[in-house]
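Written below as C-alpha cells is the structure these notes are about.
In order of appearance the chains are A, B, C and D, and numbering begins at 1 in each one.
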Amino acid sequence: MSTHLEKQSSAMQNIGRLLIKCSDKPGIVSAVSTFLLNHRANIVESSQYSTDPEGGTFYLRIEFHSEDLLDQKEAIEKDFRKIADEHDMEYKFSYAAELKRAAIFVSKEPYCMMELLWEWQNGDLDAEIAVVVSNHEDSREMVEALGIPFHYIPANKDIRQEVEQKQIKLMEEYKVDVLILARYMQILTPDFVSHFPNQIINIHHSFLPAFIGARPYERAFGRGVKLIGATSHYVTNDLDEGPIIEQDIERVDHRDDTVQLKKIGRKIERRVLARAVKWHIEDRIIVEDNKTIVFH
Amino acid sequence: MSTHLEKQSSAMQNIGRLLIKCSDKPGIVSAVSTFLLNHRANIVESSQYSTDPEGGTFYLRIEFHSEDLLDQKEAIEKDFRKIADEHDMEYKFSYAAELKRAAIFVSKEPYCMMELLWEWQNGDLDAEIAVVVSNHEDSREMVEALGIPFHYIPANKDIRQEVEQKQIKLMEEYKVDVLILARYMQILTPDFVSHFPNQIINIHHSFLPAFIGARPYERAFGRGVKLIGATSHYVTNDLDEGPIIEQDIERVDHRDDTVQLKKIGRKIERRVLARAVKWHIEDRIIVEDNKTIVFH
Amino acid sequence: MSTHLEKQSSAMQNIGRLLIKCSDKPGIVSAVSTFLLNHRANIVESSQYSTDPEGGTFYLRIEFHSEDLLDQKEAIEKDFRKIADEHDMEYKFSYAAELKRAAIFVSKEPYCMMELLWEWQNGDLDAEIAVVVSNHEDSREMVEALGIPFHYIPANKDIRQEVEQKQIKLMEEYKVDVLILARYMQILTPDFVSHFPNQIINIHHSFLPAFIGARPYERAFGRGVKLIGATSHYVTNDLDEGPIIEQDIERVDHRDDTVQLKKIGRKIERRVLARAVKWHIEDRIIVEDNKTIVFH
Amino acid sequence: MSTHLEKQSSAMQNIGRLLIKCSDKPGIVSAVSTFLLNHRANIVESSQYSTDPEGGTFYLRIEFHSEDLLDQKEAIEKDFRKIADEHDMEYKFSYAAELKRAAIFVSKEPYCMMELLWEWQNGDLDAEIAVVVSNHEDSREMVEALGIPFHYIPANKDIRQEVEQKQIKLMEEYKVDVLILARYMQILTPDFVSHFPNQIINIHHSFLPAFIGARPYERAFGRGVKLIGATSHYVTNDLDEGPIIEQDIERVDHRDDTVQLKKIGRKIERRVLARAVKWHIEDRIIVEDNKTIVFH
C-alpha cells in the first residue's frame, strides 16, 4: 500500500457506512439511529429515499464515526441482525478503512484508465488499484511505473471462454471487489457478468439510451445531434442496458466531425467514469431493478 | 403591427441577409464580397462552413447593411443572379425589415407558446405572430389579450384531412412563413408537411434520438436516466427524425418522479424552442440532408 | 385562495417540516426520530449537515407525514420542547398546509415578478402571493388580472422613511411572511431590514461577489468576462453582502454588448430567483452567519 | 520533434492564418478574399467582428489553405503589404506548420501542467513544449520522461530580478513564443512581463473579477458562494486584471469545505487553461485594450 493511501486510511479509520433497504413504515430511522447511539457511533452523514411513504420501499445510507471501529465492528454487525430481522431489512456494512480493491480493464485507448490512476495518485480515489488487465500491451509501462500489477490477456471472440476463466481466476487472486471497464472493448459473457453482480462498472460513449451499441460517435455525427454524452452504468447481460450511474454531455456543432466528437467525448467519458467509480467506492449507490439510487 | 415591432423594424430596416450553398472552390468569398462592395453594402456579420475544402460543399451566411436597402433590393437580387449562375449557387436573400410571419400551433399545454409570446412582447423575437391555431379553446383568452388572432380547430385522427385543409387555408390567409408546433399534440400528414418544407419547427420533449415517440418523460423515468432533455427540430415525414436545430438538458436524480421530470422538462422545452425559433427567424439555419448548419 | 392552491394544500395537508440547529453530539437523530415515531409521524425526507462531527454545529431538516397533522400540531410542538431543551436546540416547525404569504416588490422591469407569478399559476410555487408593491404603476394591470392586490407606493430617497413605514404597515395588514425583491430598485434602510430578518430575498444581476453594487452588466462588459451571472440572497444591511441562496451563469462572448448581456441576464435572474424563493417557501434554507445551508 | 507532431505538421502543412485589425469600412473582406484568391489560397475558415459597422474597429481571422504554402509564404506576405497599407491594417500571418514553442512555468502543484502535457501527448495541442521551468524539483521526473527539458530555477522575492534574468535568457535560448503559467506561484515583475506582451497566459483559481489575489478558494468558502470558477487570462502588470480568455465554473454547496473546493477547482482550472492555450496556439485570440476577441 502506497504512503498516501496509508494516510487516508488512518484519517478515515473510524468511519463506517450502512446501506439499508426495506419496506417503508414508521420507526426505521428511530430504530437505526438509536442502535448506533447505543453502540457509541455518531452519525456524520445520512441520506434517505422512499419510493412512497405509504407502502413503498425505503432506502437509507448512513455514514457514522466510532472510536476503535475496527475492533467493534464485529459486535456491531452481530447486534444489528436483530433490528434487521425486525424490519425485514436488506443491509450492508462497510468500512472506509477497508479499502475496496479495484481491477481496471482496458484495451488500446488509455485515457479513461489514466484519469482514474491520476485521481488515485492525487488521493482523490479511496481504493486500492489491485491490478490492470488488458488485451493489449500498450499500457503496461505506465501501469507498472506506478507499482500496479499489469496482466496482458489477449482476447478475441473465439477464445472468449478461456480468456474469461483466466480473468475470473485473476480477480480471485487479487481479491477484487469492483471491476472497472475503462474502455475495454471486448464483450463479456453472461457467465462472467453473473460472477460480479453490480460490481462491474462500464463507460459507454453516448448519452444512453441514445446510440446503444457500436460506433456511437459516428452515429451521433450522422444524426446531427447538438449534444454528445457519455454514460457510466453497471454491466448486466443486456448490452448498454444496465443501471445508469452517471451521465454528462458537451455541446457540439455542425463543424465537429467524428474525429472532433471523439476528442470532445474523451473528456466527458473521463469525468463521468471517474464520478461513477468514486460513488461506488464510497458506497453511495443502491441498485434497484434497473435503476440506481445515488446518495451524493 | 404593434409599437415595439415598428421600432425594431426601423432599427433593422437596412439589414439584409444572404444564405448561399454551392460546391467549395476558391473565389466564392471574393466574388460575393466584391459584389456587395460594388452595391454599397457593408458586411456586418459573416459565417461560413465547408464540409471539405477540396470538393466539399460550401455554406455562407452574410449579414450586410446598406442605405435604402428596401429600395435597392430588387436591383441587388437581379444583379446577383449572374454570380449565382457562375458558381452554381443555391441562395436566398432576406431582409430584417420584412418580418417573418409565424403561426403558433398549440394544444392544451400553453407554456411553450407563452415563452414565445413573452419573448415577442419583450422585443426579443423579431417576427410577426400572425395567428395562433389550437385544437382546444384554453389559450384563446391570453392570445387575444395580446391582439393576436386565435383560431380554434378541433382535431382528431378521424377528421385529420379536413382539419389540415382548414389549417393550410388559414396559413395562406395569414401569409405564414413559419409554423411553430409549441406542444401541438396532433400528428401531421405527409401532405401537410410537404406544403411547408423546412418551415415547421417542433419541440420534442426528449434529447433525441433517445425516447423517440410518445411519453418520453415516462420512459426516461423508467430507464433511470440522470439527464433529461428537449430537442427542437424541423418536421419531416419521419416522426421525430427531422433535422435537429437545438437541444439542451437538465440534471435529474432518483427522487424525480414523472411529475417532477415534466416540471423540469417544461423549462428545458421553453428555452430550446425559443432558441430554435430565434435562429430560424434570423435566417441562421441551413438544412442539409437531415442535419442543420446553425450560424450563431 | 385560488382553486389550484386549495388542491395543493389538500394534498400536502399532513406534511410537516422541522428545522433544527444545535451542537453536534451523539443521539440527536435518535431523539428526534424516536419522538416523531411516538407521535405517529413518518419521516418522508431527512437531510443533515454538521460543520464538524466533534464539537461542530449540527443542522437537521426533517419532512414528516402525520394523519390529522393540523389537529395534532399543537401537542407535537408542546411535547417537543422537552427534547429541544435537553439538546439546547434552536428549532422551527412549519406546515405545508399553512401556505407562506409572500409580498413581491417590483419597480419598472416586470420579468422576475412574471416568472414567479407564472410558477405560481402553474402550481409550482406553494405560497400565497398576498400583495405586490411597486414604486411604478406599470405592473398594476397584469397583477390585478390575477386577482392579486397591487399597491402603488411612489418612492425616492427623500421620502424613504415615510415610504418604508407605509410598506411595513402593508406587510402587517397582509400578514406577509416573506418579501421578494423582484428587481425592486430602491435601497432599503437598516430599520426596514431589521423588521424582516432572513425574510427578504433579493436578486442581484451578477455572480456575487463580482460586480457588487450598481450597473453590473455594464461593468461585466467593461471587464470582458466570458460568463455573466445572477445571485439570489437574503438582504442584510451590507449591500449585496447577505447570505447567498443560489447563483447561476450563462456563457457570453465578445459580440455581446450591454444590451445583449441584459437580455441573457434576464433569463438567469428569472430562474435563480425562482429557485431561491421555492427553497425558502419549502423551508429548505438555514442561515448561519453569512452563509446558507440549503437542503435540496 | 516527436512522431505524432511530425504527422500533425504534415497534415496541417499548407494551412495559413491571417489576423487583421483595422477601421471598419466597406471593402475589407472583398480586398482580402480577392488577394487570397489571386494567390491561389482557399479560405477554409473565416470569422469577423466589428465593434460598430459605422466607424468602429473591424477584426478578421481567416484560415486558408494553399499548396506549397511554406514556399510561397514570403511572396504572399510581401504582396499583402500593399493591401494592409491601403486599409491601414494591423495584421499577422502565421502558419500551422510552424509550431509555436511553449514554455510551461510550474511551482509545486503539477495538475495544470499535466493536463497540458496529456493533451500534447494525445496530439490535441499543436505546439512544441520547448521547456518546463520550475522553482521546485518535484516535476522534473515526469517532464524529462516525456523528453522535455526541465529547468529548476529556485525563486523567492529577494532574488526576483536575478531569477527573471535567467528565465528571460532561457526563453531566448529555447526560442519560446508563449509562456504558460500553469500554477506558477511567483509574482512576475513589470520588466519581465513587458518582454512578453500578450504572450504570457495565466490560470487564476476564481471566476474573476471575484476573489482577485491570494487564497481565492478560502475566500469563496468564507463568502458562501454556490459556484466556484477559474479564469485564464493574459498577464499584464495589474495582478489578475489582464484580458480574460476563458472562464468556467462548477456548482458547490454548503458541505464543500476548502479542501473540497480545491479538488473541484482543480478540474475547472485544468480545462479552462487547456482551452485558453489551445485558442492561443491556433491564433484565435485578438487582444483589444483589456479584452479578448476569441474566434472559436
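The definition used in the following text is that contacts are C-beta pairs under 8 Å (C-beta built on N, C-alpha and C of every residue); 3 or more make two chains touch, one makes a residue touch a chain.
For clarity, every value in this text was computed on a predicted model and none was experimentally measured.
Two copies of one chain, subunit B and subunit C, touch each other, and the residues they use overlap strongly: the shared fraction of interface numbers exceeds half.
Relative to subunit B, the most remote chain by averaged C-alpha coordinates is A.
In terms of their C-alpha centroids, the spacing between subunit A and subunit C amounts to 37 Å. Along subunit D, no residue makes contact with two or more other chains. Taken together, the touching pairs cover every possible pairing of the chains. The residues of subunit C lying in touch with subunit B in their complex are 111, 114, 118, 122, 124, 263, 266-267, 271. The residues of subunit D lying in touch with subunit B in their complex are 24-27, 29-30, 33-34, 36-37, 40-48, 50, 53, 65.
For subunit C in complex with subunit D, the touching residues are 49, 207-211, 223-227, 229, 243-249, 253-255, 290-294, 296.
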